[in-house]
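Next, two complexes with subunit A in common: one pairs it with subunit B, the other with subunit C.
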Partner chain A sequence: MDNNTIDDQKSKLLEVKNLKTYFYHEEGIVRAADDISFDVDRGETLGVVGESGCGKSVTSLSLIQLVPQPHGEIVGGEILYYKESGLPPVDVAKLGSHSKEMRNIRGNEIAMIFQEPMTSLNPVYTVGDQIVESILLHQNVRKKQARAKAIEMLNLVGIGSPEQRVDEYPHSLSGGMRQRVMIAMALSCNPNLLIADEPTTALDVTIESQILELMNDLQGKFNMSIIFITHDLDVIGKMADRVIVMYTGKIVEKAKTDDIFYNNKHPYTRGLLNSIPKIGANKRLIPIEGSVPDLKHLPEGCYFVSRCPEAMEICINEEPPEYQIEDSQTAKCWLYEKEKEELM
Partner chain B sequence: MKTFLLRRLIILLPLLVLISFTAFVIIELPPGSYLDTYISNLRQQGHDVSRAQIESLERRYGLDKPFHIRYFTWFSNFLRGDMGYSMTQNKPVNMVVRERIGFSIMIAIVTILFEFIVAVPIGIYSSIKKHSFADHSLTFLGFLGLSIPNFMLALILMYVFYSFFGMNVTGLVSRDLLGEPWNLTKILDALSNIWVVVIVVGTAGTAGLIRVLRGQMLDELNKEYIQAARSKGLSEMMVVLKHALKVAINPLISTIGWLLPRIISGSVIASIVLGIPALGPAMLNSLLEQDMYLAGSILFIQAIMVVIGTIISDVLLAMIDPRIRYD
Partner chain C sequence: MSNREKILEVIKLKKYFPITAGVFRRVVGHVKAVDGLNFFIKKGETLGLVGESGCGKTTTGRCIIRLVEPTEGEIKYKMGDQLIDIAQADKNTMKKIWQDLQIIFQDPHSSLDPRLSVRDIIAEPLRVNRIGNRKERTEKAKEYMERVGLNRFQINRYPHAFSGGQRQRIGLARALVLNPRMIVCDEPVSALDVSVQAQILNLFEDLQDEMGLTYLFIAHDLSVIEHISDRVMVMYLGKIVEMAAAENIYQRPHHPYTEALLGSIPMGDTRVQKRTISLPGNVPDPSDPPAGCNLHPRCSYVQDICKKEEPQLKVLKDDEEHFVSCHFADKLDLSSYNELIETG
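Showing the complex of A and B:
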């Protein structure tokens, strides 16, 4: 491998800085994504984990300006998208949701697949029509070529006899097949980034592992980055190069996947890992005590303080900053202030 | 689809026989007949009606025969295109229907078009702007439209147009064209006057359709495939019209079946108030006066319309929604 390709692989595709996406309800403001910063490199898979309601989906929807209306809004921060390395980036956060530039990015350069394959295809159009629609929207080809491309994509995602399947309606396909169709549709324009929002949560485990394998396989073929959102740490272990852990709209820990499992820093990450069962382990599962605080009335200090086994005085009153622990690892926890002092 | 249509048409025949029989029975249910009223009227006016006269009248209208024979004669004549004789109007039912059915069909078609043309855009708009001021205003107007009775609306319109603009909005065809046979001028003339009837008859239906479509659209717009369609980069217009509407329109299409006859019976009072010689007023009269052949024929024509309407909406549904298959 020469220097050039290493550079290329390490080059940034997406740089999110201090993203704030809020929901304005009558009862109060929900800060679904609150000061979120992370990068996605070309060709890597970034895992996003957290409990339901922690802001994973909203963060990902913000990246393509599809925050649920009318209450949601990106109120601050930058989402820098580097279409080609070396060229200046586009700030997606500044683009209008309905603007032409945004629509040219959506589906074409950043594609998305969803949690519910049973409902994420329109029931009244054939799967072919829905893939062709995407292709015609972004590529300058004729209908016939688009159809050929759709068949090719169906073949690529492992759907048997694609020439027939292309004319079938979603209701005649199983959940796993539909998720394959969704993947085919998302990849039909050869995107730089695929956002996968819990793509296997609704599938049973055998189908899940097939889909994950397919995604890993296609990632290499298409040379794309993936943001993989899930609450399932096992899946993260199989898919992600790096992981961000989210809690109540904040990133609490960022690290390489191995570090998340074996060298994690934030008490919340630890709590998550302790609450997954392991086959053969004769250990009691330790759930995280308490429950997620009401997002409309968050406490003053660290949002995790009421559930944290290592809570200290300072945690109650002051929000912890993000500490850089190693090159690739950060944790948003007061514990590392102490460490810093001890080192000094 | 062909087999489905064929099967439906085959089932149609026994169904229509059954309907015609039921219609006839219902009309025969009230005691007495047209003749009883007629004779007592004559007697009250001081005429002497002899036994022989009564018998000749009974024979003339076929009232001397037992029920099943009368039904059979009426139905078999109906199939041959002869609907019998109207006793109140003193002319063949065919003639009464021919004079009036043009108005009825015209009102029905224009009203259905009106309802859809007005309701679909408003329903879509209300759903994408849900809970906005415009949506609430339209909802308010919709409930108003639903709750004002037809005839009341007709009276209000007549009053408003007469007192403020000096316009007489009754009738459908200009007076000088009334006796003329139907031709292009007469149709155009009728169409230019039809809007009052259409508003009167169609307002409630439009309001209903708006509610249904708004609700359906809101359901669909919350589904994941809509978000998926957006994530492809489609414009919001395409997302709403191509993706959400095509699924949401479904229940509206299935209303076409009962829209046709509802408009005929719904326009009865409006037609009377506005003085329009459509089938509705004739039906009401014939029922009041026990003019059995006229009443039976109009009821039967309505039933045929329901059946045709249902087939039309079934076919349209199958064309629009691939999940619906009939074979």
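Showing the complex of A and C:
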């Protein structure tokens, strides 16, 4: 991606180029992430938004080589991880899932938190043991120090009386508390990048708001980048600096968060925004007609064509390229071919 | 709306689930899932029921159609000229009531029998009530499929062949086929993607206009509730904390809990500055609710009286349709929240 703005103050942390993660099934190939390119700067939050099945989770799992086996595979592209600016990057896509290098990066430099705080903690170990495990694995410290660090982390994520909580089992914690523990675990090794896959979807609004505040807070303290994956555009607006919108394994629009809401270019982004009920608006909703096509039998041309209110002749037969609209904004839609011609 | 007749009136409804322990299944306590509800629903309106998980909203919905036996209280349902107490009704009366009062469930994947074809699913209520012969029932099923936006040629397919949104439409067709007057909708859109959610919400509105339906609409999503409801009821820990016309709840909340709920909604819009009000802590254990007002350990306006005396649901001085259960309902000025919504 050489068409991104090069800002002197910011440096890239992660650069994904043409990532392809496919799943091979008997009935066909599912192109869960198909030609995905984006980058993440140091200290920024990148939002990834889309409906279920659009490939947002697969993309994030690819970044830490956790694509579900045996069907899934990264078949192409590069994931360049710049550990320190100035040094040459590591291509995560080329590393083996179980290789030493990968294990050093995963959980240590790139950490992840998942949607289900109920199932992502091990019920037979205390929360302390689980945090200590990741500290011992990645840092050269003794058990006692690791435990002290675990307590410190629990305190940092706002869990009251951490000295006692550290010896409790996950079942005695509420959903919000468990998500706090997950965050404590993820941050215990000072990661450069935190991938948060729908971290608040399973939580109630009042708890969600607490967790989002906490994540914003900790981002400043740890100076890390966040990839925030969600289906909820309202959460994106609150968290992200830049947003990528995904649909059927492709990125359809990339823009600054403000542009997503006020200057969006792709009909799908617009459709998503019109579908959300807004408090105080009292309008009839404008849904996107139809439903997401079967990923095993995608149509030729633009995948959104059957649901698009602005579909044209060309959309049926040919897949649109990604158009650069402004420095920081791209849209994968034929509508901008016309605009380009008019400009010329 | 205010002069319409009541179709349902609930008086002091309680549902306690026993907690048992030991070899002899001794009852050691009760989970007070629903604890003394008083409310009514008027003909042709949508009453939204909102609250966090575990507040008793689903139990309330299920008590109303007797899917769970209420522990105490009356549920007066107006059928024709008769006023029937659902809580006391015998089996035959219930069978008649169920032709009039239907329910739709949250999870479209588990609420349809995978071994029945769409025809059998939709026609089952007719068969159970011995209405029409087989051919007439099939015709009826086809008619209702079209009514909810499904293709009548898909009648012989099985649920697995349909997407989440389509399955929710099947559930809706099944509920409508007996031509009911009221439907309890238990989180009918929360498992759906936003674009599909908007389709289903519009369908609910259209059917209400066409058939004059009354809805009790249960959801945890505050924007969805605002969009669909005429009046809104907010529950916390088995009790109603506030009940009023939708715009009054959202523009002029009088209960600190309602204020906190509304303040927790993430607002996607990047150009609207919204004050976040968060509610500290977690929902207390419903088997051991705090003394006095349920909310007092989390409330920022707490006074001594709140810790001792339980507030009753009272009507506001200046609005006869606005009920609040707070000692300071008339005194608290929560209007700072008001400004936020209006700018949005």
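The definition used in the following text is that the second predicted complex is superposed on the first by the 335 of 344 C-alpha atoms of A that agree within 3 Å, B and C clash if a C-alpha of one lies under 4 Å from a C-alpha of the other, contacts with A are read in each partner's own complex, and residues count from 1 in each chain.
As a working rule, contacts are C-beta pairs under 8 Å (C-beta built on N, C-alpha and C of every residue); 3 or more make two chains touch, one makes a residue touch a chain.
As the structure is a prediction and not an experimental result, all values here were calculated from the model.
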{"item": "Partners on subunit A (subunit B, subunit C) - clash or fit", "value": "fit"}
{"item": "Which of subunit B and subunit C A:I316 touches, first, second, both or neither", "value": "neither"}
{"item": "Touched partner set for A:N104, first subunit B, second subunit C, both or neither", "value": "first"}
{"item": "Partner chain(s) touched by A:L121 [first = subunit B, second = subunit C, both, neither]", "value": "first"}
{"item": "Superposition-derived comparison: subunit B or subunit C, residues of subunit A touched", "value": "C"}
{"item": "Touched partner set for A:M182, first subunit B, second subunit C, both or neither", "value": "first"}
{"item": "Overlay on shared chain A, then closest C-alpha pair between subunit B and subunit C (Å)", "value": "10"}
{"item": "Footprint overlap on subunit A, comparing subunit B with subunit C", "value": "none"}
{"item": "Residue ranges of subunit C touching subunit A (in the complex, touch as defined)", "value": "52-53, 163, 165-166, 193-199, 201-202, 205, 220, 222-224, 226-228, 250-251, 260-271, 276, 278-280, 282-283, 341-342, 344"}
{"item": "Complex interface listing, subunit B residues touching subunit A", "value": "223-225, 227-236, 243, 246-247, 320-323"}
{"item": "Subunit C partner contacts - residues on subunit A that touch it in the complex", "value": "51-52, 174, 176-177, 204-210, 212-213, 231-238, 257-258, 261-262, 271-272, 274-280, 282, 284-289, 291-292, 307"}
{"item": "In the complex with subunit B, residue positions of subunit A that touch it", "value": "64, 66, 98, 103-108, 111-112, 114-116, 119-126, 133-134, 137-138, 169, 171, 182, 185"}
